[in-house]
Structures are given as structure tokens and as C-alpha cells.
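Both complexes below contain subunit A, partnered by subunit B and then by subunit C.
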Partner chain A sequence: MKIAQDFRGSVIVAILAALFTLIAPSILEFFTIITLTQVIGLAILALSLALVWGYGGILCFGQTAFFGLGAYAYAVAATNIGGSTGAILIAILVAAAFAAILGYFVFYGRVSDVYLAVITLTVALILYSLIRRTSGPEYKIGNALLGGFNGTGAPPINSPGDGAAMLFPEHTFYVAMAALILVYLLCGWVVKTHFGRVCIAIRENETRAELLAYDTRLYKLGIFTLGAAIAGLGGVFFCVGVSRVTPDVFSLSQSALTIIWVIVGGRGTLIGPILATFALYYLTSALGAQQWLNTNLVLGVILIGFVLLVPKGVIPSITDWADGRRERRVSRSRERRMRVRRSRATAGTEAAE
Partner chain B sequence: MKRGEVVVEARGLSMHFGGVRAVDQVDFSLWENELRCLIGPNGAGKSTFFKCLTGQLTPTMGDVVIRDVHVAGRESHEIAALGVGVKTQVPNVFDGLSAEENIWIAARRWHAAKRAKTLTAETIERLQLGDIRSDLVGALAHGQRQWVELGMVVAAEPWLVLLDEPAAGMTHEETARTAELIQEINQTAAMIVVEHDMQFIRMISRQVTLFHEGRILMEDTMDAISSDPRAREVYLGHRA
Partner chain C sequence: MDLVLSLILQIIYGIANLALISLGLAIIFGMMRVINLAHGEFLMLGGYTVVVATNNGVNLWVAMLILAPLVVGVFGVIVERLLIRWLYGRMVDTLLATWGLSLLCIGLVTSIFGASTTTTISPPLGVVTIGEYTSSGYELFLIGVTVALLIAVYATLKLTKLGLLARGTMQNSDMAAALGVSTSRIYMITFGLGAAVSGLAGGLLAPITGVLPTIGSVYIAKAFITVISGGMAILAGTTTASILLGGVNGIVAFLTGPTIGEVALLLLAIILLRLMPRGITGRFFKKSL
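Our next item is the complex of A and B:
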């Protein structure tokens, strides 16, 4: 079956990523490792949208709403609990619960695709301006000051059960990378399950899925909530990378960037958006270091270029091209065999004559 | 003819779009194991009536009862969950999936993984889709797409099958094969078939319901209907 084909590929990717994780701290600079941890958070965000949009067909423009909620929930919970393990779980749950409630109204209200994109983006922007206004000392959850547009401190991750045993940045990087790999494998597994395949079927044709007695609203809500939980986890690593969370996690540019990563990497793949996140993040930092070209202008050109020239995204285009080559090779060799057989047959008849 | 029990019943069913009465006070009954064709000129209301049965439209008035369950206004998936298989007029298939995956999705709804797999294989065999099983449905020819959709209907093992123009756009041979298939499906399921192609209807049907201007004009055998002056008038547009 077409969907099932490449779980083995996912495992290979995961092994390669694990190898890279092990050697990265010895070949990369210390600050690169810290930045990488943050980018891993963004890559998990991209992965969540790859699942929800690429496989579930739900264009969630405001995936950052869940990402930011996860980041803030982690910061607040970790500050209050004094440990990170429970806080990470809380971050995932807060993001998932918020998505479940929002998704219930959107999917059971049969809101159409375009409005869904607008509504989710609006929700992210509402959270953005809401959290920016929390700068006074009265905006406090337990011991955690929300801090308005300055944001709030995000405590580092510690070993489970021991709040004082903070992880070194290298170790935080290991944890983040492990989380990315596990979530990647989880997504790869989910899209192969019955649930995942029904979600893909709904993306292809919702009416048909309904006529086959699937309650499409429930499936869409399910994948939407799962995606939000993953985005929430991404938020955690994004904020522990720099030990701080600011309202920018909800910003319009962050929402737009997430969409761009998925478009560039390719919808319908999981690895594409992850790689696109790393590549475009690297590009933006490289562009940020110079003066004569505006970074957003370049990103805009990339987006337009992809939409016009490579609408499927990088990874699907590469696989299509490889498939095409293989098919051509197969048909060529088949032709050659036919030709040989034909010439033999003619030779046979000539000999008989 | 032994009729058994009524499995589909519409009572005073009406569907209005603004001032247009697409379906107007229709009473209709389908018996167990029956194969009924709905015919009528364009705009007669047969497709609208069909959509009211499948839950794609909520009727303005009246009721539909499928085996003691009132289904008017229910969601499509709830009606399908009663064991009703539906093929729509415009082919509704999963274009980005292979033919096999399409049918598997239908079978897996009702069965555990193992049984779903064998049922998928059986359905592919039964509909002779072996050559195209791993092709993307979006790349198939029109007739093949129709059969994949029929395959999905069959794989769900329904006891009631509703088909809207199953032979539309098919070649002569394809139509004949579809007719055979429909008769085979009818061995285990009651059926309602909306169709335009009169020859096709002759191939499959005993009892025919003729729609005209949102109402049922007559219900009889195809022979009786084709020799009836009222029916001819409806199709040719003569006024009495």
C-alpha cells in the first residue's frame, strides 16, 4: 500500500539523526548547540503542522497558538513546581486541551477549511496581544510573573525527580533531539494506523469518508488535538533553549514561517518540514549577519518561488523524480527484452523458410 | 411476488430550495431484496430525493424511515452506519490513494485488520480490479473510478445500496459489466438505482419509479412505463 511504504525509511532517518546527535556536541560550537536546541523546538512545531495539514488536510494557520501555550505553560508550571518533568507534561496537556475545545466548535460546527485557517490564526493573534498586556506585577500565576512583552523566564530542564539537577546545554540538546526523533517516529506510526489512514482519506475526500460511515468530525478533532500536543512540546524546547519565553511565540511572522517550512519541505511528508526548518533557520541567521538584503524579502521570494515552481515541496518532488526515473528504466529494459524476443522470432521464421 | 418487509419508506418527503419544490410530497416504499430504478427527465427531483435518503440533504418536510430508524436530517455517516452503501453521482473516491487503499478504508470500518485485508482482496477479485490495484485512483479512467467506488460500497457489505447514475459516462461494455455487478450485489442487498440510460435499466430492473416535477408520476415495470403515453409525454415534452 502506498501509505505504508516508507516506515522503514523513517527508522533509517531516525537512526541517522541519533548518530548526528551523539557526535554533534564534539564537532559543533557550544552556542550552536544552544541555538540548535531552540531550532529543534521549531522543527517539532513544523512536524506538528506537517501532520495536521500534510496528512489531516487541516490548514491550521495558527499552529503557533498551541506552540506558544505549551511554552508559557511550561515556564509557569516549572517555575511553580520547581521541576521540569511534570511541567513538560502540563505543557503538552494544556496545548492539547485548548485545541480539543477550539476544535470541537470548529469541526462540529462544520466550519469550512478557509474559515478554519482564519479562525486559528485569529486565535493565535488574540493570544499574542493578550499576553503582551500582562506586564504589571498583578499578572502572576503562582510564583510566575507573565511579564508582558518582556516575557518570562523558562527554567532549564532537570533530571526527572531531582529539581536541583539541572541539565547542561549539551544534555538539553540530547533530550530535545530525542524528543524530536521520538515524535517523528510517533507521527510516522500514526499515519500508518487505521486512524491515520482515515485522516488521510478525509483529506482526499470527506464526503466519501462520511458515506463509508466514518464520523469525520471526530477524526479531524483527533488529529488536530494530537498536532497541538506535539506543537506544545515543541514550545517547551523552544523556550528552554534560551531560558525565556516571550509573546513572539504567538506572532504573525512565526505563524507564517511555520506554514512556509511545511510548504518548502512538502506536504504529505514528515521529514521535509523538519529539514526545511533547519535549512531556512540557518539561511535566516546567515542573512541576518549581513546588511544589504532584507531577510523577510528573501523568505518571501523563497515562498513565492516554491508555490510557483515546486508546489509539492522539496521531498515529494525528489521522490517523484526518483520514481519517474525508476519507471523509465524498467520500461526501457522491458522494451529491450521485447526487441530481442522479436528479433529472435524473426530469425526463427527466416531460418524455417 | 413475495415482498417481505419495507426497508425504506419516505412519507410526505419534500425538499424546497427557496421557491423551487425539487421534491414535493413524495411517498415511497422499497421492499426487502428489491431492486428499484428511479427515472425521470433532468430536474425531475430524483437526485434530490436520493440525497435526502443518504443524509447529504436535510428534507424541508416529511420523514424517511430506514428499517425502523428515522433518518431525515441525520448525518451521512450515521445513515451509512446502519449498513447503507452509497455511490454518488459525481464519483467520490480518494484520489491520492491506491485502488486497494480505497477499498481497504471501506472494509476496515467494519472489520479488524486481518479480515479487512482478506475482504479487500476478495472485493478486488470480485470487481476484477487486480490490474489497477496499486494505481492511484486519481490517475484512473472514469469507468475504473466508478468501479473503485462500487468496490468501496461492496466492501462495506451493506444490506441496502443506493446508487446514483452508476453507468454514467461508461462505454457499452463497461455498462454491461456494471449491470452484471448490480445484479450480483442485489443478491444480498436491496437497491435503489437512479439512472438515465433506459437500456441499462432494462438490463437490471423489474420495478421502476418515474419522477416528474418533484413527484412520483407512476410506478410500474419498464415495459409498462415505456408504452404509457404519460411517460412519453414527460420525456418528449408534448402537452396533452
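Our next item is the complex of A and C:
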């Protein structure tokens, strides 16, 4: 019953998002639509971390490694194949395969969570410095130059099976939004399945889950790989939105931003990090447009402030507050009813006397 | 022969460099089990201290060896009192808070000094010739400083009263507190000392690398790998991990170029962690410092 109710929430959100998608091109400017495609890519990245960290309890600080690998794999594959449909699949597979190999080492080595955080972050940073050095003409995969610091061009998405039929930016926006909604529903469904509930149990108490005969390493590897596949898909839409992929997808500040979205949105929700991504993206763009307040400064203050003051994040704090209010109201009204009944009872006995 | 000698020197410098940038992080990690994600920014602040001081006419050596550790050490104590103190026992939150601090530092320094610096300091001490190869005298000096620093940390931990109290707190903080040690003060002092060592390292490296607000990200990947591969023991961990990783990095970089060298360093670290999840000192040299 509870599960059906919770999933109904996800479906309502999805329907609202679909309505927004349909009306967005008629009310928003063309340029905003193109920017939105990038932000959708970032939102999918945030969603992947919300799944891995918020539900799996895996502290992956380098989720951008999979995001960036997805973006680069898409750009390289699409340039070589000349079509985007296979390239998107390749991007997802590359990100997932990389995560599965890395995950094997860290989960089967039983690396503790703080170590894991630092290792994943380090992997992203190493990829960053590695890809930045690929500027020479000798660094090419098939026809695609990696381009080092300047990155490489990402071809637009085309309709399946027809490499020449490039989608217009509005249509790319539709595709990206559809992907976001589908991935959101997928994540909402996964956390309600047996697999998802075991992952949540592992997050709550790994030893207990293990004593109940669940192979926690395998479950963690599973949700980690799934998260990486989603992050890879996010990378595809991000680089299509920018129409370029540069080493900055792996950078420390991108990793920090991803963490901040999930912290601000709240761990243990899926919609929170998505909304936080949109909100903070527009905040950082607004901050980047002015001079007197540095963006990093503001982000640092937001991160410290949330860790110290709102550690649960915005959405869980709001729902907790609402639940608390409802409970108080219920208990108050129950108390009032009891009081009325009691006074009636005393009045009755008095009258009888 | 000369080639071999200069290659060996280069590898030793790589090892010393790794130990130098990791030691401050290792001190804080070994004492408090806290990975300080603002470590790179502590190094960066050390570098900026040197640049600002020398621009104002302070002698380079005074700026590097005295001012940089002093300034960053004081900064570390302030950070510990204002931020880290509230988060003891909440490791994940400490990680996140220090990451916030890292962004804050980058933002502050960018606001004050701009996104790039105009002044660079050239490394002092000329060149040293080995047969037909030359080597920078400053690099030799850095190797010497790193060795001296490791000895100094060892002596402090082993010979002074503070070192004794710190080791006690490290082993069992509850027991130390029950015996009347103010563990909160010990943590404050160690965090300050770790920051000071980072500041010294940042100051010493400033003439080689130059300074930028975002220079921290150049160091931290290597520093994290070294400290995590090393494990809990501050000195034994840092030294063994630096020798192993720095050695492999140096040899691979000599054979194939710096890009693959760094990847080799990461791969080796990940394989090491699969075999020894608690770091090298989690399996060997368990009783060491």
C-alpha cells in the first residue's frame, strides 16, 4: 500500500514534467531551450548520484568520472559511426563497464566509505589530467581527435537509423527531457524493488544485511554500475547540449557541484537533487555574470552551511517538517476530542446525581 | 653511468616531492581519521604567502621556511576551532565540510588576488652538473628538506611530551581523555601542525610550480593516493607509499612519458588497495609511527 502510494508520487511528478516539456518551447526563448538541454544532462548526473549515494549509501565523490567518460565515449563513437543511436548505447556501456571494473576493486577489497570517496574523486582527477594532455594529433580514436584542453566536438543527436536526419534543438530538448523522466521513473522503480530495498538495508546497516545472507559487495557493485550508466547518459545530453566536450567534465569543481546538488536537494530523495540542479545552475550562471561575488566562494558557503545546519537537505527537511505538523495536529485534535468526551462524561454523571 | 645517476636522482626527487605534499595530509589523517579535502588549498595558501611576502620585500628563505608554515598553521587552528570541531565522529560530514572550505578558499583567493598571478619566483640555487647532465640545485635542496621534515616529525612524536600525548590520543582517544589529556586541544594542535607542514610544502613548491587559486587540484590527487595507500601510520605510511608509488611513477614516466606515469600511479594504488584495504601500514609495519 505504502509502496503504491510512494510510486504514485513519482508518476505525478513525471506527468507534471511531461506537461512542462510540451509547453516549454512555446513559452521559453530558443536559447533557453538549448541551455536547458545541458542542464537536463546535469540533472541526470545528479539523479545518478542521488541513487548511488542517497539510496545505496555509496559515497561516490567522482561520479563525474562516469559522466565525462559517457560524454567522451559518445563524442568519439558518434564521430566514427556517423549516427547517434549506437553512440548513446556505447556511452552508457563504457561508463558502466568502467564503473564495474573500478567497483570490483573497491567493493571486493572492502574499502571503507571514506576511502571510497577519495578514490573515486582521485579517479576523476586523474582522468582530468590525462585527457588534458591529449592535445597532439597523435591522440585520436578512429576519426575523432581528443583535442586535449580544447576538447572535441560532439555531433548532435539524429533520428534512429538515419545518420543525416539531425534533430532540431527543440527536438533534442524533447528527447533529453523524455530521458530524464524515464530515468527518474526507472530510479523510482528500482528503489522499490527487492534489489533496491536490499541496497537501502545495506546503507542503513551493512553488517546486519550481510548477516541476513545478502552479498553486500555484489549489491553495492550493482547499484554503483547502474548509477554510472545513468551518469554516462547524462554526459551524452550534456555534451550534445554544449555540442562540445572538454576535460572540464572531469574537473574538481564539476565533482564538487554534483555533490552540492545532492546535499542541497537531500539524500534519500530523487526529485530533490534534480530540482537543486536546476536551481543552482541558474544561481551559478547569475553569479558568473557579475564581478563582486566569486562563484566558488558562494558554493563553498552553501556546502558548509548545509553540512552544519541542514544536513538532511531541503526536500527531506520540508517533508519532515510537514509530517511533524500533521502529527502534532492529529494528536492535538485527538486530545481535544478526549477532553470533550471527558467533560461530557463528567456532566452526565453530575446530572445523574 | 651519468644517465643512470641523473635518472636515480630524478626518481628520488619524485619520491621526496610525493612525501612533501602528502605529509601534512597524513598527519591530520593519522591523528583524526579525517581526510582533509582542503589540503590542496592549504598548499596553495602556503604558496601565496611566499609570493605576497617576497613582493613586499621579505627574504625568500624567510618567507618559505618561516612565514608560510606560520600563516597556514594559524589558519589551520582557526579552521579547526570554527569548523572541524563540530564534526568529530561524523567522518562523511567532515569530508564535505572540508570540501566546502576548499571551494571557499579558492573563491576568497580569487576575489583578492585574481584568477592568475603576475609574479612568479624563480627557483634559487642554480644548477648542479652530473657529467653531461644537469640537475636543479633547488630540487636537491627539496630532497634534503623533505628528509629533515620527516626526521623532525619523528622526533616530535617520539621525544617530546606533546608527541607522547598525541600518540596516546591516536591509539585510544577515550582512554587518553580518561587519563586527563585534553584530546580536543591535542586535535587542535595536530590540525594546526598538519596545516603548517602543508603550508611549508606549498611555500617550498611555489618557485617551481608558480601559484594559482586552483593549483591545489594539481597536488591533491597524488597526495590522496599516497596517504590512502600508506594507511594510518603517519611516517611509515607516507614514506613507504611515496617510495613505492614515486618509484613506479618515475620509472614508467621515464619509459613512456608523464601521462602514463600518473595513470600507472593510480592503477598501482587501486591494485594495492584491493590487496591491502587498510593501506600498506595496515598489513606491514603495524606498530610503527
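As a convention for this text, the second predicted complex is superposed on the first by the 348 of 353 C-alpha atoms of A that agree within 3 Å, B and C clash if a C-alpha of one lies under 4 Å from a C-alpha of the other, contacts with A are read in each partner's own complex, and residues count from 1 in each chain.
Just so we're on the same page, a contact is a pair of C-beta atoms (placed from the backbone, for glycine too) under 8 Å apart; a residue touches a chain by one contact, two chains touch by 3 or more.
None of the values given here were measured: they were computed from a predicted structure.
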Practice task
May I ask you to decide whether A:180 touches subunit B, subunit C, both, or neither, giving the answer as first, second, both or neither?
Solution key: neither
Practice task
Could you look at A:215 and tell me whether it touches subunit B, subunit C, both or neither (first, second, both, neither)?
Solution key: first
Practice task
Once the structures are superposed on A, label A:92 by its partner contacts, choosing first (subunit B), second (subunit C), both or neither.
Solution key: neither
Practice task
Report for A:205: first if it touches subunit B alone, second if subunit C alone, otherwise both or neither.
Solution key: first
Practice task
Report for A:197: first if it touches subunit B alone, second if subunit C alone, otherwise both or neither.
Solution key: first
Practice task
May I ask you to decide whether A:125 touches subunit B, subunit C, both, or neither, giving the answer as first, second, both or neither?
Solution key: second
Exercise for the section: Answer with first, second, both or neither: which of subunit B and subunit C does A:308 touch in the superposed model? Expected result: second
Handout entry: Partner chain in contact with A:263 - subunit B first, subunit C second, else both or neither
Key = second
Handout entry: Residue contacts on subunit A - larger count, subunit B or subunit C
Key = C
Handout entry: subunit B residues within the subunit A interface of the complex
Key = 54, 56, 75-77, 80-81, 86, 88, 92-98, 100-101, 104-106, 108-109, 113, 134, 136, 149, 152, 156
Practice task
Would you mind writing out the residues of subunit A in touch with subunit C in their complex?
Solution key: 59, 61, 102, 105-106, 108-115, 117-119, 121-123, 125-126, 129-130, 133-134, 251-253, 256, 259, 263, 293-305, 307-308, 311
Fill in the blank from the handout: In the complex, the residues of subunit C that touch subunit A are 33, 35, 83, 86-87, 91-93, 95-97, 99-108, 110-111, 214, 217-218, 220-221, 224-225, 228, 258-259, 262-263, 266, 269-271, 273-275, 277
Completion exercise
Per the touch rule, the subunit A residues reaching subunit B in their complex are 1-3, 194, 197-198, 200-201, 203-205, 207-216
